[in-house]
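Labels run A, B, C and D following the written order; every chain starts at residue 1.
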Amino acid sequence: MSSPTPAVVLSGITKRFPGVVANSDVHLSVQVGEVHALCGENGAGKSTLMKILYGMQQPDEGTIEVAGEQVRFRTPADAIKAGIGMVHQHFMLADNLTVQENVVLGAESLHGIGGKARKRIQELAAATGLTVDPGVLVERLGVADRQRVEILKVLYRGAKVIILDEPTAVLVPQEVDELFATLRGMQQQGFTFLFISHKLDEVRAIADSVTVIRRGTTVGTADPKTVSSRQLAEMMVGSELPSPETRESTVTDRVVLRVENLGLVAAEGTRPVLDNIDLVVRAGEILGIAGVEGNGQTELVETIMGMRKAHHGRVLVGDRDVTRLGTLARREAGIGYIPEDRHRQGLLLTQPLWANRILGHQTRRPVSKGQWLDLAGAKQDTARIVEDFDVRTPSIDVAAVALSGGNQQKLVVGRELSGDPVLLIASHPTRGVDVGAQALIWDEIKNARARGLAVLLISADLDELIGLSDTIRVMLRGRLVADADPATVTPEDLGSAMTGAGATSTAVAEHATGAEKASESEGE
Amino acid sequence: MSASLMNPAEAPLAVPPPRRARRIPGWAIGALGVAGAVVLLSTTSYLTGVPQLTSTGTIQTAVRLALPILLAALGGLWAERAGVVNIGLEGMMIMGTWGAAWAGYQWGPWAALVSAAVFGALGGLLHAIATVTFGVNHIVSGVAINLLGAGLTKYLSTLIFFPLSHNPRESPSVPKFDTYSASGLSDWLGTLEAQQRVGLSDVAGILRGLITGVSPLTMLAILLVVGSYLVLWRTRFGLRLRSCGENPVAAESLGVNVYRYKYLAVIASGALAGIGGAALVLNPGQPGYLEGQTNGRGFIGLAAMIFGNWRPGGLLGGAALFGYADGLQLRSGGKTFLALIYGAVLLLVVIVIWQLVRRRWFAAAFGILAAGLLYAIYYSVDEVPSELTTYAPHLVTLIVLAVASQRLRMPAADGVVYRRG
Amino acid sequence: ACAKDTGGTQGSGSTNTAEGCKLADKPPAAAATSSKAASDEKVDGSALKVGLAYDIGGRGDASFNDSAAAGLDKAKADLGIKPENVKELTAAPNEPEDAKLTRLRQLASEGFSPIIGVGFAYAESLAVVAPEFPNIKFAIVDGAVEGAANVTPLLFAEEQGSFLAGVIAAYQSKKCHVGFVGGVEIPLIQKFDAGYEQGAKAAAPDIKIEKKYLTPAGDFTGFQDPTKGGEAATGQIESGADVLYHAAGASGKGVFSAAKTAGVKAIGVDSDQYNQKTVEESKDVIVSSMLKRVDVAVFELIRAVAKNDLASLPKVFDLSVDGVGYATSGGKIDDNLKGVLEGYKAQIIEGKIKVKSAP
Amino acid sequence: MGMLRGKLLPPVLAILFSALLCGIALMVSGANPLRAFGVMLGQIGQGTTAVDIINSTGTYYIAALAVAIGFQMNLFNIGVEGQYRVAAVVAAVVGGSIVLPPGLHALVIILTAAVAGALWAAVPAILKVTRGVNEVISTIMMNGLALGLAAYLIGSDVFGELRGNNIRTPEIPHSGWVPGISFGSSGTVFGLVFLAALLGIGYWVMMNRTRFGFELRASGESSTAAAAGGVNAKKMILIAMLLSGAIAGLVSMPEILGRDHTYNLNFPAGIGFSGIAIALLGRNHPGGIAFGALLWAFLDKSGLALDNVGVPREIVTIMQGAIVLSVVVAYEVVRRFELAAQQRQVGRQLGTVDAA
């Protein structure tokens, strides 16, 4: 197959971490000018492999060839010199530095850090369509712009081989399309891409060839033109695919969560982060909130949880007004909460699993009695969660950090469904969780719903959102601007509504008032 | 100390409208602040009839007292911009005083300066090894270094200085720098100051204080402030260093050797703190090293840096404020200090008017209350008790931080232990 | 236009044309001095084991610890005390009380007698330890222990010496404006302050006096901060003071240096600071020093113990026994002034002038 | 077993390393390190040293507990220094001016000290919670102000009285004293040393068995996770700081009620800073802190004997600094090692690692 010299050849790469073999004997060959996709479950070792190629980690075994020459990268600097650039799974930007500073960082010897550098950035931006103001602080940028900055960073260094590790995870379909257009344009100019994504449709749309990794080893390559998403997924998992579909409605008319006219202001005199939010979740209902990241979903959840103080409006759980209560009191009122970032918000990483079981429940049985902790009860109930939710762990005494992400998430879900909650707020419950764990989490949420649980679901995964929700509301710039019917809506329609491009389908009904207000705010 | 300080509710806005960095440049804000301070002081001086507020001598004292604090603060800036909290400044400063005395009595003031920097840098190196290589909590390591610095210098003094000075707590005396004045200008300003013309004489006094009897050390310190700004904000080295304090993972991924920059920054931080120690030893009036000489100035330096919002110009202001308040109370005690309270009342009045204009009723009411209270003190006592004036700089720092803390912005990864990989 | 300051004719304090104070009438000349009974009688102390517990600073502090050490050295030389029978221990800064207790007990249990606690800080610990060792003779400099018969207080009339320092200041001042820099605002230092003020006022009723304590009671850093001492002195000089007296321990070095820079005069404290090495550079501004003869007291105590005659020790080492006094090194005190000082001294000894010990 | 090794190994290594370091320093300066260490150990049996060590341990223990409570939630209370001073003055003044039956009198004094310490700590706590002022800086500033306040309160026109050249608060009457256990000529162990032990037990129970302790540790481990778990960060800061200040207020109670019966100018300084070091040494664990306090007190007290053999006593301070620094390094190294071992164990048990 390989007539000309491949851009990159990885052979026999093995990488061990304490307790895990992230890569074992991986082989990968990327042709010049192609978009080569890398697929695999969570923890399959994709990022690790790419970090090895980028010099951030050293392989224990195996060799790397770039443009036909064997190389050894000790630091990213070496890889950059060899023309390799990487856009990481998580943004790697310094918020308090300007776009220009972020871009030139580490590559100052090319054009300095002043006017010449700025000119070069503008040239690059013009050539690729990645326009962004070099003088602005990164903290002021939205996700799509940040992504552009990340790619600019790589281009600025003169990379010819560009690694994109899950670049689309935080983008809406329209932004994905834009990105793909850019990539195709650059592909024409001779750039080579290594593309990682869990979204297999995207992979098929953009890739020229696909390599699948399972449990740290390459299990094969596929032609994206011919393979189906389902086939790809089955290669990844090695078994049948689960799906989030739920159709039979269990919605009752008992209101569990009522949010009235909720508003949140970050600082005096600035644009409100949440503006007149009204919503209702009933027992047995899953209400999905769609929205581009940074449009107030996080703030909405945190305001309902009492972690932020509402500026005005009310939050009621059942008949009880909880607006003035703290987070703990709201949890006691029966709210379970799966936070969006399990490492930062969900877990005490160095504490044993049973201590993590106590978190958020510290006032309730079985983990405490009054002011006293009930350690025996906590351990017993942790064992139950481990059993019921299939948390793979040798014991409940290991620190949470020792578990894999999926297992950590199962523990969190199990905890939040303990103690008979009436309402579950699930923020990206399956983000970064592999298919197996994902299926289990979906099942648990569906079961709880069937038992009459009300669920407020926030997710960036539109398939998940459409598959699970009974109702979908779209959030834009801190307002609920549209409703969608999950039975009929497509991800593309939802995407349009989320970006404010206007409804293109009858499945999405815009709120007249919301749209008016939105246009008003543009004038401000 | 970083992450725990952040209040989730105060996290920045989700998607703020893209806006250019700042409309008013930093230097203009600084100049405005200085001008405001001068106007305030000269008004107070006029209204209370206390010329000492802006006299040449007061300013000179303020400069001398501010110098070690300024240098320590600058040391703090370097470390914290690279993401390492340096509460060990005090210990490094102590090492600096010892080093300065040891080299100084033998080879003169310049050697003292170099040696102080080296000794301070050794303290910095230790801090870097602990925090960067071993990932020890920064505060913890800093506390240990303060202990070590004090112990080591005591021990070395007993061994080395005792035979010479017959006092284990003191070094032989160290030769000092000559001081310099812009003589013609200074004299002219002197006559102007003596005329006691409202405003004019105050400005003359302040300017004269800044250009008369200037030690090379002062010039060096000013150069270091300017130099630090240029290096940290205008060179690639500085950009890389700051990136380690903002997002070390990103920096590392771009080929920046984060460990190396952190090491360099913390060592430079130690060296600057050491020079701060030298400033104490080489201060006119100090024979040389004296045990306990730093007397918490390293901590004050840290406060000045935070006060200055992790910026060179800001920390210069912080150090100046501290030196000024301390100088005023040392030189003329409670009576003059009372005038400063009057000045605070004036300032509060201005703030209250501003708050009223902005329709911040609560803040305005609070301001009126505070102003009233202070004025009552001013009215009822004729001398502030010395127990209060001695620690006035502490009180001022506390109050200013209470007012301004929420505007401060520390480097995002400051105090966070960074591990490669 | 930038000039080195030391080269030019600096000294803002010396540009005045004032001719000094309107002085009060001189006191009557003193009668022929007969201060001390000649104590030539030979005493043998070779059997004594002498223990000294210094305060912070210890031997070499160029201050009262050193002075105590000098007394001990004199005792060694004059009374034949064997070096191996002498033990000196020093307190650490900020140490807890039991460190002092341990130090004293250690000396006591090793059989030293007398044991001298140098500094009032030993008062509380001696109150505990002395009763435990009734057969051992203790003494304390600058302090007294009530109810412990075996503790001999070695007290000084610092206010009397400071009175004379005040007189000297008044006579030396050209602007009739003098200053006092105290290290820490504690009763001991206030005695210096009070005597100085009274003396200056006695010699020149119109005199202006600047005062500054560097730190309040309890914060002993005021004795350790020459920078602050210097700045306080500079402030006083710029307010017009042209003779400065300090009782500020090591911070006094800053006072001398500030006086030197400004070309004004200074008065030292405790020992004859004109001859002290650590302030050698500014010695020419030191017109005199208030002497507090801790050395005399220590020597006399050891001698009294050797003679087994503690009753002969004065209750207070004051002017009458030359326990306090003034130094004339440097030749800045002319015969006229000397006469005046002796006159005041005589009046104080006679009790015609009572010197206050608190401001 | 492994846990125990992880806890005990680092301090032992650190002490050995520091002793080695100081031994070298001593050798360089021409002294015999073995003799010096021998003298230090021998000193324990001398006079009242053993009792002094116990008394000091109690004092240090309280100070370190005060610091540790803050450390548990990453709150750096550098202000123990000022808190115990203010508490001591206020308690001494109150104790000296009230008349109550024995026992109750002492109790009131102790409570006064705790309240005064807590109030002094409340200032930085409130500033942090309402204004976001960094507590490291504010507590350092409060330490300075504490000196001023104490000086003001013992002024002779306020509450102080002159006694020779010393100033002190009025003596606390006998009814306010807390008797100790006398060992004759070997000294008297302060009765309130047992208060320190009680505080330690209370601290352990609080940290490990109560909701509050759990919330405190959760806040320290991850403030974000704690917030999501319903822990009110501001409330925790406030309570932790007040509690820390209250305990700090007790630091000088053993000495004042057991020996001095007054606050005077000889009041010891620096115990708060030692407390920080000891809390670090003991990893905020009540047992570890006890060990650290004992070690610290031993070095302090038997270090006095070094004067006898002509070795500069300052070597002890170096040793203390070296121990703290090397112990934290050792803990860090061992911690990483153990975490990796645990992950390996998880991997092995779940079979994700090949036998290779």
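Couple of notes before you dig in:
Heads up, the rule we're going with is that a residue touches a chain if its C-beta (ideal position, glycine included) is under 8 Å from a C-beta of that chain, and two chains touch if they have at least 3 such contacts.
It should be emphasised that the depicted structure is a prediction, and the values quoted were computed from it without experimental measurement.
With centres taken as mean CA coordinates, the chain nearest to the overall protein centre is B. Distance between chain centres (mean CA atoms), subunit A to subunit D: 45 Å. Distance between chain centres (mean CA atoms), subunit C to subunit D: 38 Å.
Chain centres here are Cα averages; for subunit A and subunit C they lie 76 Å apart. Centre-to-centre, using mean CA coordinates, subunit B is 30 Å away from subunit D. In subunit C, the positions touching at least two other chains are 185, 215-216, 219. Residue positions 8, 168, 387, 390 of subunit B each touch two or more of the other chains. Residue positions 147-148, 151-152, 155, 224, 227 of subunit D each touch two or more of the other chains. Every pair of chains meeting the touch criterion is listed here: A-B, A-D, B-C, B-D, C-D.
The residues of subunit B lying in touch with subunit A in their complex are 8-9, 12-21, 234-236, 239-240, 242-243, 246-247, 249-257, 409, 411-412, 421. Contacts from subunit B toward subunit C in the complex involve residues 52, 55, 57-58, 60-61, 64-65, 162, 165-170, 173, 178-185, 213, 280, 283-287, 290-293, 295, 327, 330-333, 386-387, 390.
Those residues of subunit D lying in contact with subunit A across their complex are 208-215, 217-218, 221-222, 224-232, 339-350, 352-354.
The touching residues of subunit C, when paired with subunit B in their complex, are 1-6, 8, 57-62, 93, 185, 211-216, 219, 221, 224-232, 234-236, 238-239, 250, 253-255, 257-258, 261, 277-281.
Subunit B meets subunit D in the complex at residues 1, 3-8, 10, 87, 126, 130, 134-137, 139-141, 143-152, 154-155, 158-159, 168, 296, 299-300, 302-303, 306, 385, 387-388, 390-391, 393-395, 397-398, 401-403, 405-406, 408.
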